[in-house]
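One chain, subunit A, appears in both complexes that follow, with subunit B as partner in the first and subunit C in the second.
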Partner chain A sequence: METLLLTQVINVVYEVLILAIIVLGLAVVMGLLNVLNIAHGEFIMIGAYTAYVVQKSGLPYVLAVPAAAGVCGIIGLVVERFLIRPLRYEPFETLLATWGLGLLLRKLVELGFGRGYRSVEIPVVGSLNFFGEAYPTYRLVLMGVSASVLAGLFLWYRRAPTGARIRAMVGNPVLAEAVGIKTRELARNTFVTGTAMAGIAGVMIAPLTPVEPFMGLAFIVNSFFALVVGGMGTVAGLFAGAGIIGGLQSVLSATVNPTTAYLAMLFLSILFLWQRPRGLFPRP
Partner chain B sequence: MASFLVRNALILAALVLLPLFLGEFWAYQLGLYFLYGLAALGIGLTWGQVGILPLGQGMFVAIAAYLTAYGLFGFGTSPMAYLVLPAASVVVAVFGFAFAALVFRGRFEQGPSFSLMTLALTLAAFQIANGWSSVTGGFNGLRNIPGLPGLDGFLDLYHLIAVVLALSIAGVDYLVRAPIGVLWRAIADNERRLAFLGYDVALLKAAGFAVACGLAGLAGALYAPQQNLVTPDLAGFAFSGDLVIFAAVGGRATVLGPVIGALVVGVLSAELRDRFPWWEIVIALFFILVVLRLPGGLMTLFAPLRRLSLGRNAVPVPLEAPSKPRTASPLSVAFEDVRVRVGDVTILDGLSVRTGEEAVLCVIGPNGAGKTSALNVMTGVLPKRGGRIVIDGLDVLRPEPATVAGKGVARKFQTPSVFPKLTIDENLAVALWAGRWRLFDLLRPSLFGWTSPLLEEMRGRFQFLEQGGKLASALSHGERQLLELTMALITEPRLLLLDEPCAGLSHEETSAVIEAIQWARQYLNLRIIIIEHDMELVRRLADRVVVLHQGRFLADGSIEEVQHNPEVQAVYVGGSR
Partner chain C sequence: MTGGYFEIEKISGGYGSGRVVRDVSISIGRGEVVCLLGRNGVGKSTLAKLACGFLRPLSGAVRLAGHEITGARPSENLAVGLTYCPQERVVFDDLTVAENLSLMRANRRLDDLDRYFQVFPRLSERLRQHAGTLSGGEKKLLSLVRGLAEGSDMIVIDEPTEGVQFENVVRMAELIVARKNAGASFLVVEQNLTLVDRIADRIVIMDHGEVVLSAAASEVDREDILTHLTV
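Right after this comes the complex of A and B.
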């Protein structure tokens, strides 16, 4: 019984960490730049397809990480130049434009790969004995990687000068420009980083989920509402959102059923959008 | 009125006669796209006019479709089945109204919050429709829904749908031209200004959204007998997205645009989707192009045609606006130990001050003294942390812009706040209607003819107001100041709050404003509170001067008394108290 409980706890931690990694790219784009990138899920989807191609070509799975980051980063670069920048990073206009972008990317992938499911094999097979309970090794690897990526990013954002520049740009773009911060490049790099992160998240989750052109929709819904609940532009908001949405989903899925878990998340999000639209830990 | 009838009769004739040229198969196909057009028509209204984008209209289509399906199962061939259609539409309209009124209550925003709530709602509705098999039939939906009694074949139903669509287009066309249409566009333009004129912005927005939901409901109600099948897909993310795309591609700012968008995209998709796999990529690219470059959508192409159209809108007949009840006394205001903090900054630090016998009270004080903040806390822009604000003897616990305006308080802001995308006449009309309209007045075009002696007086004083068709955005800064002052005055307030009314005005304009204020105080028997740095203006207008410093009352009296007060002198020459 106790080991079963332990497995459950690990499962919740796993769900939360995975959600945090999935949200990360959107948190960067939405939290720092105020761009509601509805096509975030499609970048994850493209990352997953990149992983599929890399695996099919017989290359080591680890290579999918730089490949997906590259592919999604380049798409992000083009999107920033021709879509986001012309719309001056306005939240509402970019929401609409990326809505169309999501549609476009889904259809392009559908044209290239067809509608059917593709499966990506789990690169690290086997399971580890974890306090007398077998747990899939790949999941443990994922948890480790996610935790270290998140921790690293957190430290970097706090310590590195780029983090300070981004905070300055977000706080007051005109003043930031005046003190010599190249806001245009900085915003572009931030956006591209966000899309590349989405690609990497796609590589990480590809072996665990059917890969198909519409897979992104589920991710955008979860990550979007995690940010709504947590609050945008803060690290605490990212963790709180992923914790609450991921934890709620995981616990309710296990105890009741996944549909109830999904509905609970939606109603919680509606409640937050209504009563606390800036989330639990908004940027001051 | 004549052009309105001609236009809509032409649309009706075109829609009804179309199948004569196209045949029965197309009657079925077009009937479906007309229903999509009906739902998109509502999106055009809320998005293009009111400025709020609903992302989940599919949910309202779906609810009405399920309700109608049950109605048709129940009534069978009884003519009562026809009552089901409007009933289903009304049910979802009421639901939409209640939801929007609740959400919009007490806050100003047109950000994506509301859009995302509607998206979350439709995602939830899809899950429920999918999972609740005993009622909705689950994934497969409700099948074999009977058609409407007495209608035989697709052509009959087509005609019903065509008539409903034509009447709906005419209805929306009427609404956007009626006074309520001007108020909706005023919301999209500057909803705070509207609230400060005393309008209940939340209810107006909810009304617009309810019309859109009612139209989505009609579409759903007709969808059930047209398709004989209702599935959860109607509540799906993709269908709601398609409706938004129809409205955007067709042109959301016009009445017909969303319908044309639904028809063009729908018909072309049906024709080309199977032959060209990349067809939907073209649609997605075109949608992105519309967002980037072509906010008017396809209707932009027809814009040159509109200049040719017959019969311009007739000039409304001038009509005396209903007069406001005159009260014996101006409004009195008392601040008692009012405290306001924002973050760590103390803005008002126990301010106590009250109006007396004077008609014009000038508030002066160095920058940061809390002058504008005092007006803000009184009109509900800033929350107070303590103390009491007593307006006309009543302790106002939580002031809100519209309720304070309802008591007879008009406010003119430091930077002029008008409706830039409305014409001068529309700006004035919105102000003139405030507090004078009664239920159903907002549907009467005759309101455009309303005028009042005060308005005529102002038109005489400020000549530019005669150019009624000019957009307010085309006015100079000074003219916008004068327009806003006029708007505040013609609401015939009992208390007028003016925040640096002459900032940025030329010498002549300043004189004109001073004369207008002096005239108005005689004519209206009102009280005026003016925040001003210009001592010349204070000297000419003030009956009494109040000096604020660091969020507190410092001194009051006549201008001479205040100027000779050593404490005031210390503050103004930079010494500390």
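Right after this comes the complex of A and C.
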């Protein structure tokens, strides 16, 4: 019984870390630039397809990480130049535009790979004995990588002035340029970082889920709700949102059923949007 | 080249294709403070923005230390030693006072700013507060400190004293004069004669987008200035 409980706890931690990695790209773009990239899920999907292609080519799975970051980064670069920048990063305009972009990306992938499910094999097979309980090694690897990426990002954000510069740029672009911030480049790099991170998230989750053109839809919904609950533009918000949404889903899916978990998440998000629209830890 | 350190040569321009400023030339020497005066809406701020790269001139040229910088981006201009302090939205409201000052410093340290904090203790008391909570006058102090701390040799300031109380206007003047004596040049758009009297080497008055008077400060009567400002 004790070990079963332990497994459950690890499962919750796992769900939370995975959701945090999935949210990360959106948190960067939406939390810092105020651009709700509705196509975020599609970037994850493209990352997953990149992993599929890398694996099918017989290359080591690790190579999928830079490949997906590159592919999604380049798409992000093009999207920023021809969609986001011409719309001057306006929240509503970019929301509509990225919604259309999501449709386009889904159709393009469908055109190239077809509608059917592709499966990516788990790159690290086997299981580890974890306090007397067998646990899939890949999940443990995934948790380790997620935790390191998040911790690294947290430290960097705390130390490097880039976070404050991005806030300065979004709040007062004219003054930002005056104090020496190359605002065009900084906005572009921030957006591209967000899409590249979505690509990496796609590589990480590809072996755990059917890879298909519409897979991104679920991710954008969960990511958006996590940000709504947690609050935008802060690392604490990212963790709190991923923790609450991911934890809630994981616990309720295990104890009741996935539909109830989904309903509870919807209910909680609506409650937050209504009563506390800036989330638990908003940017001051 | 006529020998000025910062040269605005026959600049015309404005917002879009509008011509708010027409053929304005101002040459500022090394260690010279030029005060730009004129009634509201005659194009003073527009000229400052044209000179610093926030607006693209329709014609004319801007030179800094002999190098043409016409149409260069403000961030590039800062890199070659041209600082600009705007008239409006002068600080980052969402950032703390400390962040406003340390934003572009790799090490985030503010040790070398002690001399400014001694002059304006209000700022050092509020380092952890968001700049948006400062009064309009305090924001102007913060903006000036930020501008002076950038260490540029050419500093353009648009209406530094708006909302600033008298004692602090005097202190601003002292800081500007000290930097001037250290070799920096200034173009200060200003209405407040308390400041102008204390810092100006030369006075330029604009009206309807053109320069109508340019003379050494010692040669300009206060009466003359007031006539131009009130008519």
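Everything below uses one rule, namely that the second predicted complex is superposed on the first by the 281 of 284 C-alpha atoms of A that agree within 3 Å, B and C clash if a C-alpha of one lies under 4 Å from a C-alpha of the other, contacts with A are read in each partner's own complex, and residues count from 1 in each chain.
Going forward, contacts are C-beta pairs under 8 Å (C-beta built on N, C-alpha and C of every residue); 3 or more make two chains touch, one makes a residue touch a chain.
Computed from a predicted model, the values in this text were never measured in an experiment.
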{"item": "Subunit C versus subunit B on the shared subunit A, clash or fit after superposition", "value": "fit"}
{"item": "Touching partner for A:101 - first (subunit B), second (subunit C), both, neither", "value": "first"}
{"item": "Contacts of A:175 with subunit B and subunit C, given as first, second, both or neither", "value": "second"}
{"item": "Partner chain(s) touched by A:270 [first = subunit B, second = subunit C, both, neither]", "value": "first"}
{"item": "Which superposed partner A:85 touches (first subunit B, second subunit C, both, neither)", "value": "neither"}
{"item": "Which partner, subunit B or subunit C, touches more subunit A residues", "value": "B"}
{"item": "Smallest distance from any CA atom of subunit C to any CA atom of subunit B, in Å, after fitting", "value": "6"}
{"item": "Subunit A contact footprint on subunit C (complex, rising order)", "value": "52, 54, 73-75, 78-79, 83-86, 89-95, 99, 102-106, 108, 130, 146, 150"}
{"item": "Residues of subunit A defined as touching subunit C within the complex", "value": "161, 164-165, 167-168, 171-172, 174-183, 283-284"}
{"item": "Touching residues (chain side subunit B, partner subunit A) in the complex", "value": "53, 102-103, 109-113, 115-117, 120-121, 123-124, 127-128, 130-131, 237, 241, 244-245, 248, 277-278, 280-281, 283-285, 287-288, 291-292"}
{"item": "Contact set on subunit A toward subunit B in their complex", "value": "36, 83, 86-87, 91-93, 95-97, 99-101, 103-104, 107-108, 111, 217, 221, 224-225, 228, 259, 262-263, 266-267, 269-270, 273-274, 277"}
